[in-house]
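To start, I am sharing the structure in question, which I have written as structure tokens.
Chains here go by letter, A, B, C and D, matching the order in which they are written, and residues are numbered from 1 within each.
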Amino acid sequence: MKLCDRESKPEGTLVDVRGVAVGGRTIVVMAGPCAVESAEQLLATARAVQASGASILRGGAFKPRTSPYSFQGLKEEGLELLKWVSREAGLPIVTEVMDTRRVEQVCAYSDMLQVGSRHMHSYPLLEEVGRTDKPVLLKRGMSATLDEFLFAAEYVLNAGNEQVVLCERGIRTFEQSTRNTLDLNAVPVLKRLTHLPVIVDPSHGTGHRWMVPWMSRGAVAVGADGLLVEVHPDPDAALSDGAQSLKPEQFDAMMREVRAVAEAVGRTVAHPLYARD
Amino acid sequence: MKLCDRESKPEGTLVDVRGVAVGGRTIVVMAGPCAVESAEQLLATARAVQASGASILRGGAFKPRTSPYSFQGLKEEGLELLKWVSREAGLPIVTEVMDTRRVEQVCAYSDMLQVGSRHMHSYPLLEEVGRTDKPVLLKRGMSATLDEFLFAAEYVLNAGNEQVVLCERGIRTFEQSTRNTLDLNAVPVLKRLTHLPVIVDPSHGTGHRWMVPWMSRGAVAVGADGLLVEVHPDPDAALSDGAQSLKPEQFDAMMREVRAVAEAVGRTVAHPLYARD
Amino acid sequence: MKLCDRESKPEGTLVDVRGVAVGGRTIVVMAGPCAVESAEQLLATARAVQASGASILRGGAFKPRTSPYSFQGLKEEGLELLKWVSREAGLPIVTEVMDTRRVEQVCAYSDMLQVGSRHMHSYPLLEEVGRTDKPVLLKRGMSATLDEFLFAAEYVLNAGNEQVVLCERGIRTFEQSTRNTLDLNAVPVLKRLTHLPVIVDPSHGTGHRWMVPWMSRGAVAVGADGLLVEVHPDPDAALSDGAQSLKPEQFDAMMREVRAVAEAVGRTVAHPLYARD
Amino acid sequence: MKLCDRESKPEGTLVDVRGVAVGGRTIVVMAGPCAVESAEQLLATARAVQASGASILRGGAFKPRTSPYSFQGLKEEGLELLKWVSREAGLPIVTEVMDTRRVEQVCAYSDMLQVGSRHMHSYPLLEEVGRTDKPVLLKRGMSATLDEFLFAAEYVLNAGNEQVVLCERGIRTFEQSTRNTLDLNAVPVLKRLTHLPVIVDPSHGTGHRWMVPWMSRGAVAVGADGLLVEVHPDPDAALSDGAQSLKPEQFDAMMREVRAVAEAVGRTVAHPLYARD
């Protein structure tokens, strides 16, 4: 039996991201820009997504990009901005770490460490984040089977860190009308196999802004414990992934739809009015 | 512009299956056994699914099976049973046709013609069903792109038949924990591209009975106009696809869940009490 | 044990296409245009490919096309042209049949019946060609596992026809630099599992003319019993698949390369000088 | 234009692995065990593969394994053994590095750095190996498009290291009869797009020992510049990947077959007699 197997903890794991519980009845929404670009961009996004009900701010300081000539993130400066905005807005943050040598540094700035799709198979990195005391957001590799995904989580747990959230973000298939094929089947299968929370990233999963609200509704209906959504105040000017980023008002409309589906399946989403108080 | 393009009919197509409208605000559930096995099996299933809110009875008389040594369906006898049960229960029926030489015969017994996943690329068959006056349920090929799927529908429309319902039923991917990878992304993409109704088959899409209620909820949340679900009074004794067939009581429970999600997204499902009246 | 299993006939099956043996030490090359377009086009191609060492002429009279608005083949007229050119050039022909109602007619004109990728799962068609006395060229479905491919052949054998040649023609994957992913692994796996001959179609397998000679060499090196190659006197003017059709002089150069590899692996290809005598 | 584009260096790049040139007319074979297990195992394998014509010894000291509970390699001890055997046998060695913190250490022991399939997308690692003066063996990610593969190489070149060899090692598809689907199409496509040498790993590509000689012949026929082959003196006792490892005598027989195909396509493979002198 693996540490992450459902039988080893039938009641399920609650992951605590600086006071926000992932894996309970309340669906947790993590939102923010693909990449941190400036203080203004980040703070405006943080305040907007918080007002709509997001509980965790996402934003990349180190960006894995297919081409070495694309924008690679603001790096240390991006971490500083994340920390500053996190304090200003009162939102915990999640950001990606790609390099074992950076884990300690990213821990100093972030409330949750993201291991991205491209590094799900990077076992030294999984072990290193497993040795920290920060919760980990582990994204499924783009062609990882669910078995391999769970074994990747097992590397983190086996290194001593049980605070792992799994994230389905789309897989590689022959279909070309979407950037990836968001695999919502993964949610009920994972929830059955493991006690770890499972969230869904419809932004990378589809690559199309207009699809994000549809697939977010679907994710909640199939049992996801949360969503990871890209929001940008001006998507057309975004330095990365603009085509899949929602505008703040679109995100707000989406949150209302998601809330209705959540209630239909016996869950809740944090309400902005309560969240503000 | 293709005949099936959304722009050629922005208001959407209503497909009329002997009085049941597919493509409107009401989500239509087609349910029944994978294969017709006997009068008792079929009638019991029909009455049960009808009581739970299904509006159309599905059942295979001609079964496409990977092995020539597997049960191939009751054929003509199966068609007779479908017709008899349809009258007894007052439910329209949908059944598969695989052979151009059989189209006329199947039309005589059935209210809707199904073209299965294995024949989506069979253009002579598509043209032949396009020449009938029966509505057509066209399933996506197991590795058909959405573009190819729409072109397959176009063969039917171009032959003169506009009454086509599209059905997502899972695609082939590397993932092995499910029989196929049910591609819920297909629903919003197709709804945007075409005016034809789109339904989802979570039974073939997943291959696991326990997943069907989860993915049915998801299908409705992402905008499906209906569901195609396998139900069998005794799944363990089924001559085909028992592992993915629901028991009647499981189907009934699922319908209650689906109804709640439908309401959350501004749709309805036929209610058994009203349906009986 | 299936009829097509290697153990049921360890010595292998020789398929006789009007005097040309497929499955022996001599590698058989089937070449010709994707679609029959005119008497001139077909005869010129036939004479050219024969001079370079091809033993069987391919050409489509009924063309399965993704769009109903694309050229669908010359149909009956195409069959007449194939028969006429076959006599003129002294080459047996292979052509596709898609419709159970056409099997008898196509038999009257053709020396070998092709069941295409889109119809590999069409069991009524497989049974119908299984009832004829013509050899069958069965192409792998675009996402068929090798197990399913062998079961499709089994439908033909079980109907009474043992003269089946299997053809790998590329599968659907995420990779987009080629039209399909030609799966050369299929050749040794199939040769181990079945006694039926296995050939390779590098034209559909890659979709790029310049790749065809490379992959033909590879196919022979991994043990293929033959090749199916698209050749057109004027590819840029072809009514279908021009981008993957070789010019006659390119085909001739390719045959020399293939011959060298065949000899390196202990096989031969018919030599044009001997073929002419 | 990218640094790795064919047009930027039409004559092709020769990669120098301690005196062995990869990318020229001579096909280079790298062979050895999946994992370094002991001095005896490694030295016996080295002497055997060298006698059969291999020019570079492969062997893993740090092993990326799906499960944290599988054998993870001998680590530092494995590096020491590789260095010792390399000197004893007079063969350059290639071994994998997975962690940016280990690059300097692995450089001190190895003649060539391997970046494995699981780390092809790990850009910090690519940059780090790009800053060394060791040649790099870069394996294609298990679902990386060829475009992405070339961009990964570009990270290394852009960091200052032009000595990169690309390795096709099988991709993820729906087919389950092989461990991966070895994509030989990648060889001609890559050779056309880039000036970097391209080799093939038929061991991981197929997962079956008996297939390795077949696919090695195919790889050479489609233009590969080399092969990477797993050989183990006692595959059934191997600590990893035994099912796909050749016995030394099987490797020797394979090398004779490969040599014949190489000559048929105008290439050579180092001959053991000459290599010994």
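By our rule, contacts are C-beta pairs under 8 Å (C-beta built on N, C-alpha and C of every residue); 3 or more make two chains touch, one makes a residue touch a chain.
From a predicted model like this one, the values you see are computed outputs, not experimental measurements.
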item: Of B-D and A-B, whichever chain pair has more C-beta contact pairs; value: A-B
item: Furthest chain, CA centroid comparison against chain C; value: A
item: CA centroid of chain B to CA centroid of chain D, Å; value: 49
item: Whole-Å gap separating chain A and chain B, where each centre is the average of the chain's CA atoms; value: 35
item: Multi-chain contact sites of chain D, meaning residues that touch two or more partners; value: 143, 147, 172-174, 176
item: Interface residues, chain C side, partner chain A - complex; value: 143, 172-174, 176
item: Parts of chain A lying in touch with chain B, wherever the complex brings them together; value: 143, 145-147, 171-178, 181-185, 187-189, 192, 205-206, 210-211, 214-215, 217-223, 257, 260-261, 263-265
item: Chain A to chain D touching residues, read off their complex; value: 64-69, 98-102, 118-119, 121-125, 127, 142-143, 147-148, 151, 154-155, 158, 172
